[in-house]
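Next, two complexes with subunit A in common: one pairs it with subunit B, the other with subunit C.
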Partner chain A sequence: MTHKWFALAVVLVAQLVASPAQASQEENRLMAVFLGRFASYIELPDRASKHFVITLIDENPFGSLLDDLYAGKVIGGKPVVIRYATKVEDVGQSDMLFITLVNPRSRQEAIDYGARNSILTISTATGFAERGGIIQLDFVQQHTRIKINHAAAVKSNIRIGAPLLSLASVIRGDAQ
Partner chain B sequence: MKTIAFAFTSMLLATSGVAQEKSLQQANDYYQKPLDELFSIETPVKAQVGSRTGAREALDSEVPIDVITAAQLESSGFTELSKALMKLIPGFNSPRPTGHDGTDHVPPFTLRGLNPDQVLVLVNGKRLHQSSLLNVNISVGRGTSGVDINTIPLRSIERIEVLRDGAAAQYGSDAIAGIINIILKGYGHDSLASVSYGRTTQGDGAVRQADVFYSLPLKNDGFINLTAEGRDRGRTNRAGPDSRLANAINHLIGETDAQDGQFAVNAEVPVDALIFYAHGLLDRRASSAGALYRLPTDVRNNPVLYPNGFLPMIEPKITDYSLGAGVRGVSADNVRWDLSLTHGSNDYHFYVSNTHNDSLGNSSPTSFDSGATAYTQSILNLDLVKKIGDLNLAGGAEIRHENYQISRGELASYVLGSASTIAGAQGFPGFMPENEVDASRGNKAMYVDARYDVSRALSVEGAARYENYSDFGSTVDKKMALAYRPHDDVLLRASASTGFRAPSLSQAYYTSTVSTLNSTDATFRQAGTFAVNHPVSVALGSQALRPEKSKHQTVGVVYQPTSDFSVSVDYFSADIADRIMLTGNIIDTVSPQVKAILKQYGVQSARYFTNAIATETQGLDIRLNYKHSFENHSRVKVVASYHRDNTAISAVYPLASILGNQTATAVLNDTTQSFIETAQPADGYKLWTQFEAGAWRSTLNLNRVGSYYYFNGSSFGAKLTTDLDVALQLSKTVEVALGGNNIFNVLPDKFPDSANLFVSGSGIIQYPPISPFGYNGAFYYVRLKVAL
Partner chain C sequence: MKFSNLSIRLKLVVLLGASAAIALVISAVMSLVLTFVSVRDESLRHLQQTADIARDNLTATLAFRDNASAARMLDSLSTNPRILAAFIDDEDSQRFSEFVSPASPAAQTMAYLAQVSALAKNQHTPLFQRREGIASMTWSYMFTVNPIVFDGKTIGTLTILSDNVDLKERLSTYIVMQLLISVLTLVIVVFIAFRLQGTFTAPIFQLIEAIREISQTKNYAVSVDTLQKDEFRTLYTHFNDMIAEIRDRDAMLSRLATTDPLTGLANRRHAMEVMQFMVSRARRKQESFGLVMFDIDHFKSINDRYGHPVGDVVLKTVAGILTHTAREIDLVARIGGEEFLVLCDKSDLQATHLIAERIRLAIELAAIPYGEGNSLQVTTSGGVYASVPDTEVLDVYLSRVDGALYQAKETGRNKIVNWEKA
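Let's turn to the complex of A and B:
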């Protein structure tokens, strides 16, 4: 009986320390879904990679949700791989880069890296699209809005489908 | 017992895995939806208040928070914020005082049955200044200066966060009953204009209102948002007949006649890696209300000037503004910093008309400038936030300067002439030169606030704040809070904290001397309200005011099985010591010694503020939120809530021994006790339901306020009021709405019939001025809104 309780207590503590993501994080859930859904409206330059790589740089607000959601999913005929990076040098070759960096300079470096390597960059940071990021996600009045820097996408040889553009506020001028 | 505990533990472990799957399943369901449907999903409201470490979903907070959206405010049908919040926030009370001099024009509001000055109001997270008006009459909020939230145009507001917990350890003084954080519209809002018109079914109280909200987008998601509003609210009158004058309706008992011109600005300008921001509010109000009617035969009447008697009119002009500006950024080592300067001012200028100064005889003016009270507040604030792994660390410092002034009225408004012994303007005598005050104080504060995510299921928050005031010294307040999610659908939360409220400058320094008619012997007495450090007060035993000190506990549970449904239950308690109150009138019959003191200063009675009592408040809040989208794209939202609180006086501090047998009773009598314990409803529930289908949107709001008790044993029963708002989208840019507040014309119980001429069910004041939903009856309106 004592062993049974001890085992349960150990499991409970482990549960406490490594519990799953909170269910009520609706914005995070939507963002996680949007990453993959956006990808289906995007045409990236041909790459040799056998996987569709989504890289998250800096803080991970999703817990295990990205890994769980995209396990077994296919984008553009390629199985999805989720990677996590803390600095730009670790991003490597990716198809999509979700940027949570709070430091503006670091964020700009990530945007520039994405532009140089034809990576679809996405973030919720204020002014992200106008600073050269490709898709900016905003939550305004409890709804999702997107702003797309079409010029930045073109410059990175990324084509964005009309259905996605029709739902977005589009920047068509010069990209940074 | 062991078996039950074992079973419970096993159940938690088993259900956790199920919840993970449910969360993932919901994400997978979203993944299958058409893209445009994903954009129509409504996300939960977020709140900044309650933690210095950043915004999070309100239902995930360690402390209970309500969030009221702009759409909810609009659907309330009210154009004044205090009335709208009364309909939307359980435990929020804002009666419509009448016959209470200055208070009629700035109705106080309360939260959880406590005092108006025990609620901290923030705009965009920055402290908003209080009104300079000190409520000295017999009303809810007697002896306090609260914030005038009706100076804020509704159209400028994005959401309102209401923290139902003590938070002085994070925000400083006043956050005892809770915090109301008003977030102005920011990035991404559309420009629009609206006009509305409404009136009561009795044909009075017409409200004409127009507003414009204009948003100018700037580079990098910057914006300048401007809001202008004009509001003209006609008076209501529910006065009963005056049996002394052939049952004439010669009083004005109802809401004031008020015109407000309002302006708001909210702006953010990104420059490189920095964001410069500013917000400002301006309100200019002209208001008018009646005092008590002076009969033709009244000794205070001059039959030459007013052969039929007269009703003095109190007509203040109130100017209120605030301006905050700052800059925020992120340092190289990822420290988010925010430096701001906020300045606020309230100028309450008293004017009276249709009156006279009896002592000036037939040559008396009939309108007067009775002087003014003014309050300013300036705050320099620095906030820092850093995330280190699972530790969210915040800290900051604040320097605040306050100033309070009383300015004399014009000479004729207070002078004692030679025609009679009745000095000063009838209705509201002017402030005298000896009443003038120019008092300042400063305070410095430092705080730390740390939230540690022990795991994704458990977070712990601790905060401490040190304050040093130039007048009363230092305080240190602490707070601990934790949120534990034993299951994905369930959040358990608890907090414990200490708090304080600094004595307001108006409580410490307000001074006024008036002639009052003694109804028993028809003689006039000079009655004074004196600053705590005034020689009269000191001679009568006053002591420097100490801050009110509080202890808070909150325990609650949130159950949210889906993103469309949640229910929360929170219990709270707040023990407050050293509550500051006005003494009763200390009269010259108390003792020869008191008589000598009063005589020395030319008055027959005096009163001052003192730390008088301790109270214990307990209460319960229940919330239920539900929303559902139907396949035909129609939607329904329901917010149901229940609130109960009970405040009991736990200690009465005796006054100075010089007051003899008045030491215990000079502060607390039936009247003042009722305003602490029973004059606000003990409970209430609200049921807000909105249904949208196609171009139609209808909102039904049921409000029940519990019973409450006035002094002299008057009790008033619980009432249920019903509001309805129906809006039709005529085109992409035009919406028209028709609605009614209190559509079934429910009125509060009348006072019991009595021989009292004024306060009686058949007298002049028939309805309780403390009625939470007023006494106007039904009010209908139309509203036209145009997107620009």
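Let's turn to the complex of A and C:
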């Protein structure tokens, strides 16, 4: 009898521990998918680059998911290349910059870098869009919320399609 | 009432009306079917257009898993009161978002949705492998199921369910209008049929009227004529020919019945009929009428001497002299072998006697040719009677004139003797 109660308790604890991890994993998978899908609704300035470069700066929450998902994929007629950087100086010429930097100062530097180089900046960090980031993703109870700083996009010469804007909370003015 | 018992007028009207009714029914059914197909296609096209617009807007919501925006966009379909429900399924066939019109009966809508889901699953080509959706209609509802394609990949489906109220209302209106037009057209056709039937029946009734008149009056001088140049003219022509033939035959029979075949004079029967008429009229008007009876003297010896053919020549010659010498209003008849009777209408004794004497003299002076270059002469004796009739019995007058003739014969022949009351 004691063994049965113990086994039940172990299962319940395991469930409690496992659920957030599984949710996070699902969110990461969706985020990875969304990165490519955002590309379908934006128009970047013409670049000489032969690749569509997605750079992930700082911590990589996806593991090998991005590489697996975009292997052999083409966006805007260009093969997708996934890059990983730890600091802004390593970002180089990119089309999309997914920012996971925790340090607000570093994050702001990345945002500014993106703005200067017409890079679509994306992050899940709170207040990201208000601070000049272009797309902020939130996952609330397994529902996606998109926040777009349209002014920042315009400033970076990036055009965002109406369907995407229609989904998002849009910041029209200059939040910086 | 049997159709065969109807008058020609009614038959024509019924036939025209029935023909028009059949043509109208066929036309109305064909028109209804074509209208139904047209309205159905138009309704499905409108639903498909709504689905296409909604799908374009909803693609991003599904792409970014934004249920809230999807629900908001689906809710916008409520502006169309005919839409019962709409829903989005993701690529795992899980319900991503849905809209059910609060105005529609939920149980019924759910039943329709179950049917639509079953239909969609039974497609030969799975929806996720299609680029084109499906659109279909039942009597109660219509629906479209469309794949939501993002970046060349089907990431979900959009299903929209709508009722058929508009379609049914349009069809009902059309049927009512069609019925009204059909009834109106039928009334007009029947009215025209009533007006036009005369074109066909008038010549028939004209012919019937002519036949009735001939039947009642025995007047075969009637003829019918028409301005038409169709088969009725042929019918009329043949009818008139037939009547003319009857008229000629009737005249010939009448002539045979009233005429002496050898001399062409009136026969005894006809003479008696005319005499009866004259006596009745003279008696009624208290006018005198005259009667002369002639007999050729020694006619038997002429027959014996010259033969019957010469005797016939003598009879015909005497008949001709009688006809030409008597007045036009007199009737000359042969009433026996060599006996002749002259009826002198409105003549007193003096006038009748003068006529009789003129005839006797003309016969006496006439040379009657026979054979080759031969001729002979005959004389006649005549009895005369003339007065206002005192009886309708003809034999009385015949007896009187016969008595006078007998006196003429007995007193030397070739003379005229008046009847005198004893």
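Here is the rule we use: the second predicted complex is superposed on the first by the 151 of 176 C-alpha atoms of A that agree within 3 Å, B and C clash if a C-alpha of one lies under 4 Å from a C-alpha of the other, contacts with A are read in each partner's own complex, and residues count from 1 in each chain.
By our rule, a contact is a pair of C-beta atoms (placed from the backbone, for glycine too) under 8 Å apart; a residue touches a chain by one contact, two chains touch by 3 or more.
None of the values given here were measured: they were computed from a predicted structure.
> Comparing subunit B against subunit C, which has contacts with more of the residues in subunit A?
B
> Quick check on the superposed pair: does A:Y84 touch subunit B, subunit C, both, or neither? Answer first, second, both or neither.
Touch partners of A:Y84: none, neither subunit B nor subunit C.
> With the two structures laid over each other on chain A, which partner does A:L164 touch: subunit B (first), subunit C (second), both, or neither?
A:L164 sits against subunit B and subunit C alike.
> Should A:L30 be classified as contacting the first partner (subunit B), the second (subunit C), both, or neither?
After superposing on A, A:L30 lies in contact with both subunit B and subunit C.
> Output the subunit A positions appearing in both contact lists, the one against subunit B and the one against subunit C.
In the superposed arrangement, which is not itself an observed complex, subunit A uses residues 30, 34, 36-37, 41, 143-145, 163-164, 167 for both subunit B and subunit C.
> In their shared complex, at which residues does subunit A touch subunit C?
By the definition above, subunit A touches subunit C via 30, 34, 36-37, 40-41, 143-146, 163-164, 166-167.
> Subunit A touches which residues of subunit C in the complex?
Of all residues in subunit C, those touching subunit A are 56-57, 59-61, 63-69, 150-151.
> In the complex formed with subunit B, which residues of subunit A make contact?
4-5, 8, 11-12, 15-27, 29-30, 32-34, 36-37, 41, 59, 63, 65, 68-69, 73, 102-105, 126-127, 130-131, 138-145, 163-164, 167
> Can you list the residues on subunit B that touch subunit A in the complex?
Contacts found on subunit B: 6, 9-10, 12-13, 16, 19-20, 22-24, 26-28, 30-31, 35-36, 38-45, 57, 59-60, 69-70, 158, 187-189, 219-222, 270, 272-273, 275, 329-330, 332, 334, 336, 387, 454-458, 485, 488-489, 560, 563, 566.
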